[in-house]
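In this document, chain identifiers A, B, C, D, E, F, G and H correspond to the written order of the chains, with residue numbering beginning at 1 in each.
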Amino acid sequence: MTSSQLDTISTLDYDRQTRSGLPEIVYAESKTPDQVAQILAALYAQTGTALATRASPEHYEVVHAALPDAIYHDLARLVSVGPPLRQPDHTEPYAAIVCAGTSDLAVSEECALTLDWTGYRVKRITDVGVAGIHRLFAAEDTLRQAAVCVVVAGMEGALPSVVGGRISCPIIAVPTSVGYGANFGGLSALLGMLTACAPGITVVNIDNGFGAAAAAHRILKQLVATPSTA
Amino acid sequence: MTSSQLDTISTLDYDRQTRSGLPEIVYAESKTPDQVAQILAALYAQTGTALATRASPEHYEVVHAALPDAIYHDLARLVSVGPPLRQPDHTEPYAAIVCAGTSDLAVSEECALTLDWTGYRVKRITDVGVAGIHRLFAAEDTLRQAAVCVVVAGMEGALPSVVGGRISCPIIAVPTSVGYGANFGGLSALLGMLTACAPGITVVNIDNGFGAAAAAHRILKQLVATPSTA
Amino acid sequence: MTSSQLDTISTLDYDRQTRSGLPEIVYAESKTPDQVAQILAALYAQTGTALATRASPEHYEVVHAALPDAIYHDLARLVSVGPPLRQPDHTEPYAAIVCAGTSDLAVSEECALTLDWTGYRVKRITDVGVAGIHRLFAAEDTLRQAAVCVVVAGMEGALPSVVGGRISCPIIAVPTSVGYGANFGGLSALLGMLTACAPGITVVNIDNGFGAAAAAHRILKQLVATPSTA
Amino acid sequence: MTSSQLDTISTLDYDRQTRSGLPEIVYAESKTPDQVAQILAALYAQTGTALATRASPEHYEVVHAALPDAIYHDLARLVSVGPPLRQPDHTEPYAAIVCAGTSDLAVSEECALTLDWTGYRVKRITDVGVAGIHRLFAAEDTLRQAAVCVVVAGMEGALPSVVGGRISCPIIAVPTSVGYGANFGGLSALLGMLTACAPGITVVNIDNGFGAAAAAHRILKQLVATPSTA
Amino acid sequence: MTSSQLDTISTLDYDRQTRSGLPEIVYAESKTPDQVAQILAALYAQTGTALATRASPEHYEVVHAALPDAIYHDLARLVSVGPPLRQPDHTEPYAAIVCAGTSDLAVSEECALTLDWTGYRVKRITDVGVAGIHRLFAAEDTLRQAAVCVVVAGMEGALPSVVGGRISCPIIAVPTSVGYGANFGGLSALLGMLTACAPGITVVNIDNGFGAAAAAHRILKQLVATPSTA
Amino acid sequence: MTSSQLDTISTLDYDRQTRSGLPEIVYAESKTPDQVAQILAALYAQTGTALATRASPEHYEVVHAALPDAIYHDLARLVSVGPPLRQPDHTEPYAAIVCAGTSDLAVSEECALTLDWTGYRVKRITDVGVAGIHRLFAAEDTLRQAAVCVVVAGMEGALPSVVGGRISCPIIAVPTSVGYGANFGGLSALLGMLTACAPGITVVNIDNGFGAAAAAHRILKQLVATPSTA
Amino acid sequence: MTSSQLDTISTLDYDRQTRSGLPEIVYAESKTPDQVAQILAALYAQTGTALATRASPEHYEVVHAALPDAIYHDLARLVSVGPPLRQPDHTEPYAAIVCAGTSDLAVSEECALTLDWTGYRVKRITDVGVAGIHRLFAAEDTLRQAAVCVVVAGMEGALPSVVGGRISCPIIAVPTSVGYGANFGGLSALLGMLTACAPGITVVNIDNGFGAAAAAHRILKQLVATPSTA
Amino acid sequence: MTSSQLDTISTLDYDRQTRSGLPEIVYAESKTPDQVAQILAALYAQTGTALATRASPEHYEVVHAALPDAIYHDLARLVSVGPPLRQPDHTEPYAAIVCAGTSDLAVSEECALTLDWTGYRVKRITDVGVAGIHRLFAAEDTLRQAAVCVVVAGMEGALPSVVGGRISCPIIAVPTSVGYGANFGGLSALLGMLTACAPGITVVNIDNGFGAAAAAHRILKQLVATPSTA
């Protein structure tokens, strides 16, 4: 594809990392496999690394044909090509990524692997939903020392409220579309997190592990000596 | 008012207590003060005691003029006239009524006072929302020994999920319309309770402390030696 | 799978039965077949019996390969492995499970078979919706003698209101997603049950037969001499 | 007001009765008292009788000053001026107007008095909601002989389903905005009636007793020897 | 299948036609093909004719194997077996079935063929939506002489309002789920019809051509000399 | 108020007319009367004319004290001070403003008077809703010669569909919050207009007569010889 | 197919172009391939050119068999047969079609190709969403000189607000169903555009590129010397 | 009030500041004036300073009588008594609080004054909505140097998307309930912010300026040498 062909489908924003901290990352879901492959190839050629979210196996097949180094993270539905944006020091501040249940892992892994790719540290705390709240307390040291905490939960989305009442770092809540009927595609968890009684909890879009990673990145970047971005 | 006048506004169901365990109780909110007074007077004349929910001061004023023994419980918005339906033994099973915040007290008192009027024991646990979850744990003995637990919460409605993971008796969750915007009149708490990850939680209508009392009554009645109803 | 591998996807809560009356039960719908098989195997190894809800044939295929004793209940979408948690005495109190129409059977069977697995008695009353309300009256003896009544209905969800006006035991209503357009995935039945005019009806999530079973279990457990759980 | 002044606010449709069976009737709610008075006066001058719905006491005050014969029906919020459109024979087919609870009387009276004004027969059956369904059965003769049945109910709106399973005449269901929180302004009753399991029930707008009367009028008109309209 | 097997899935209501005018008709959509076949066979054996709505080709395949006389109406998704319930006289009152667009034909045919099966007369007026309102006027004679008018429309559902302003017989509006995004599964047409400015329009569930036929049947039955039902 | 005081509540955009065709116009509804008065005074001082929408009598009282030339248009809830932005030639293209019912006049007058203030021609067609569609046809000449047509309707919002099928100029539909319950604050009319079957209809916000005027202004400006703006 | 067969599925409106500016265009989505083919063939035979929107490959296969000249535009899901309605002069006013992201291309191409088919000029501006707002500014000359601007955006739908604050021509906003969970099928973008703070933005249905083209056509037609329609 | 009286309405959480960074702050809206006064007095007695949000003048009147040092911030609806929690150094990192319009000031001031009370630095940028986006660019230096940015907007809530594309610090978006009809109580802005195309934006509840302050506090606390809390 020539660049003029690319122009008919996209206006790439190569300056985005300088301005807002992260380079352009491709949202694959509503794009054809060809579109995703073309945009990833252009970003990879320009910057040496690229990432797509919400990629299906069909997307990956076409991307992989064009970019043999591309890797597919199937649970998280990510395609990456190239190295992380930076290499974290193992003593740096880290993000704790807490997930309420096994069913929420696809979303929490989208978050964790995106943060890996941006080059920041992550610690995972898995399956500690409020129906067995002692499991959360067992992990409280890891939580308390985190620089930012991402909490992923479906159903009623109650976990961020409990976490928020126990630690003082920034908390980013991610509602998921997991649950019986009245979850309504994530609405129950979304409303639950927005109305959390513990003050200072912020929320991103339903199932949007990527958005949580980007928000955590904005916080972590200020806390390390040499951030990857201007 | 003659009985034929009453017939134009109501068909009283004097047999309801025999069939379904509770006598007819008057929902005042959409009725005129005159209608409420007439229906309460008829029930009181027939059975010796009567109760109305969602009564405003305007309702009470007219009722009180007709029935000087009527009492107004202003926080709970109840009007009662006459004694409780029975007298509980102080060793009987009791209902624990747990309320997440001071703002939920109007609803939890509607529940507690209705149960008082039906003649069953109540223990109150107040302001133990999940943002300070240790407060709930401090009351856990009272919770564990309850025969039924009513949990009243607004905002995200997370408290029943935590309670449900810690005790094994029946749990009745009551969502309230308390909270900033995305509470949407109680919708956030309602959906949160319906999708609670702790299994076996049941839910009643928004702000419906009366409904929770009626449901608790159905459970308690089976556990005492001499229930008030057939 | 080693236990450390299991740790990456789940934090099992082996103490849950002691605390809240039921052991951990697996919600299969948002999990991969491998995840479900690994968690069921761990629970089965620890406790000798395990259950998963919302399991597809694809889930069962992988589970069955790992646990040859696993059984698939296709209408109810349950996978069980191992015996029930206890053996009920045939004179014990029982749950009546009432279903409005044949279309609601998948949900009512999820409830009935889950209660079977927990070891409590069940009596089924099938296809007695309010369009032919005499069918309900024909079963009224079975209803009146029940210790708890689960009512499963789609469309307008009116059946619990009628049942609630005729019997005095606890009533758990389960809305289903059955019906032409304005059922909106179970919303019509859900709202109908929450606003039921018969007092004391409680509601669980849409299509959540399992949740109703867990709620019925909380009630039945108090009424039998030797419950299965602490 | 001169007719040219009237033209700036309204284009009256004097031919409506010939075309569609009912003359123009004024919806007062979103109009100023002056507008309502002007339009009623014009209709009254032209046809000798006029009706307004959803009229407040403020509307009536201005109307009454202009049209001293105007009458206010406060529960139903109707203003009428002039005689009914026709005089029914007392053996004619009639509409049964069934109302689930005393709280629904404002809406059912809007329906009944509108039909009175159109000159058709009405029989009222009041406060026979499904929580005491035997009350409905007591009135079944009146129902079975009706030419059309209007059923007014709030909360879960279950009454039309039960009625629809027992009689064969046309049924018009009117949802009302009566009930605790999850009634959501009549939505629960509306959805319940639209998804009623008894076939052949039709529904009008929330709290729209007038609309039900107009629909019943379309049916009754075909069944009488000398209808009022072409 | 023995009758005791049938009892485990259904409680047939053979008396329904006497009570409410139509026999039991099978809603196939949430039933398995086996369930539909068993119920149709039982109804057919008892009464000599039977009908199922919302039947898929998979349903039909199993039904046809059991009942070789069964016929599939694919656009309307109906399965019938046996003759109509009665034979109309060609001078009897008829239902006009008006459909706004070709896309609404599946729903309007569900209505028309159901009325055919009940044995009442139908006249079809097709593709006369309000974007070319003169097409409706061209059919106005057929409309004016109808005893009842069913109007089927998707998108904004405006057609019943226009029809309602021009004719005086009963009007049953059927919203369909046809249209670009903000149709929201029929919600736009449903709300449009409920709020129609022409008085006396009644509404049935989204895409529910069957429900409209049942409602029309309730009206037509009163207007013919020898109805099929008591 | 000094300009530095004004800076604490507003950053005025004096260049807006050059860029986007209209000067800044004040939305009063969520502002205090003082804020509205200060902003209007600043705009009036700078440009010689100013306008506020959604102004209450309380807003006007404070504005009038500060700006004695201010005029209140009570039905339309507008406050203007100073002359129109330009003077139209009486042969210029005009906007037809069509309103479905008298109840919609407040919104259609907000539109008409805003266009008056911008200096473009307006012709009003009032109370021609689809329940009496012949009234619209009587005004069809005025419609056909319009350069742009604004159609204001509540309830089902059907009028734009009919208009859109008969004329070819740009059509701007304005849904209003007028109607019985299922209008849901204008939602029924909004969805009806968005899904209109007549192609090429565009929609503005509920009750937003001002927005429709601004949209009409964007069209008219291109059709006159000397527009008021760059 | 004979014309009488066609009459059973459609009432074609051959006069539509004269009245409302565009001929009848076929909405394929809810029609069978046979229905689409028959209607397109009839329109093509009558007028020499025809267009269908929302056509799937299955629709095209049947259409192409009947009309070998038919062309499928797969991204835009259009089928056309025959030439454009007119040939634009290259100096004529044009529509700018602005699309926020690559994911919105299917909708913006539906708009662009429909306008091509109507014979009006189009300039495309692609992938200039507000996260990199400088990309929009780079295209501002093309925007400023446009006669009408169509803005297509999913997610939060913010682009029309920014465009609306910078240019003065008519703006038609098209919300798309692109985005993570809380896009809710386009609802977020739809509400965002309806409530845009820049005045004078109009909105069409979700994903309705065709509707935007029809609206743009109504505007462009007035600005060219020899429009294609009366 | 004795402490045992206080116990009947509240279980104060004096340890909250140590755990989660902020002391308990009183949500006044659903509490009676007496309840608010009692709780504020207890907190003030214990810690020397206290704050209530969503306080009405009626709340303040009772509080002021009990605590004469209490101050009412009427636009922000806050009541404070006692000094800020700490005193910031004027070179510390600060929060930029950006508000889209004058109508959003009540919410942005709730945020700013709460942060003032917690003792952190704030810079305000007022009335820079996207309809005049150059106003935002004029303030870009203040934005770029902020440690965290709170963006408050009603209507379509587009401002955070634009801000998010230009700066790299954490962004907290606050939707407000400001706007014409389809704002639906803040829903349009809420959904717009949740689906923002600029990555890494987080959202709090509608009109919840306090929640945004608490979230900003969690971030700022990590960036200063001597935070006020453990």
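Note that contacts are C-beta pairs under 8 Å (C-beta built on N, C-alpha and C of every residue); 3 or more make two chains touch, one makes a residue touch a chain.
Keep in mind that what you see is a predicted model, and the values were worked out from it rather than measured.
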{"item": "Farthest chain relative to chain B (centres taken as mean CA coordinates)", "value": "G"}
{"item": "Of all other chains, the one whose Cα centre sits farthest from chain H", "value": "E"}
{"item": "Separation of mean Cα positions, chain C and chain A [Å, integer]", "value": "35"}
{"item": "Chain B and chain G, separation of their C-alpha mean positions in angstrom", "value": "56"}
{"item": "Chain D-chain G separation of Cα centroids, rounded to whole Å", "value": "44"}
{"item": "Residues of chain H touching at least two other chains", "value": "16, 20, 101, 131-132, 154, 164-166, 179-180, 182, 184, 190, 194-195, 198-199, 205-206, 211"}
{"item": "Residue ranges of chain F in contact with chain E within the complex", "value": "100-101, 129-133, 154-158, 161-162, 164-166, 179-180, 182-184, 187-189, 191-199"}
{"item": "Chain B to chain H touching residues, read off their complex", "value": "75, 101-106, 124, 126-128, 131-132, 134-135, 154, 178-182, 184"}
{"item": "Complex interface listing, chain G residues touching chain E", "value": "7-13, 15-16, 20, 24, 27, 29-32, 35, 39, 54, 175, 177, 185-186, 190, 205-208, 211"}
{"item": "In the complex with chain B, residue positions of chain C that touch it", "value": "16, 19-22, 25, 147, 164-172, 190, 194-195, 198-206, 210-211, 214-215, 217-219, 221-223, 229-230"}
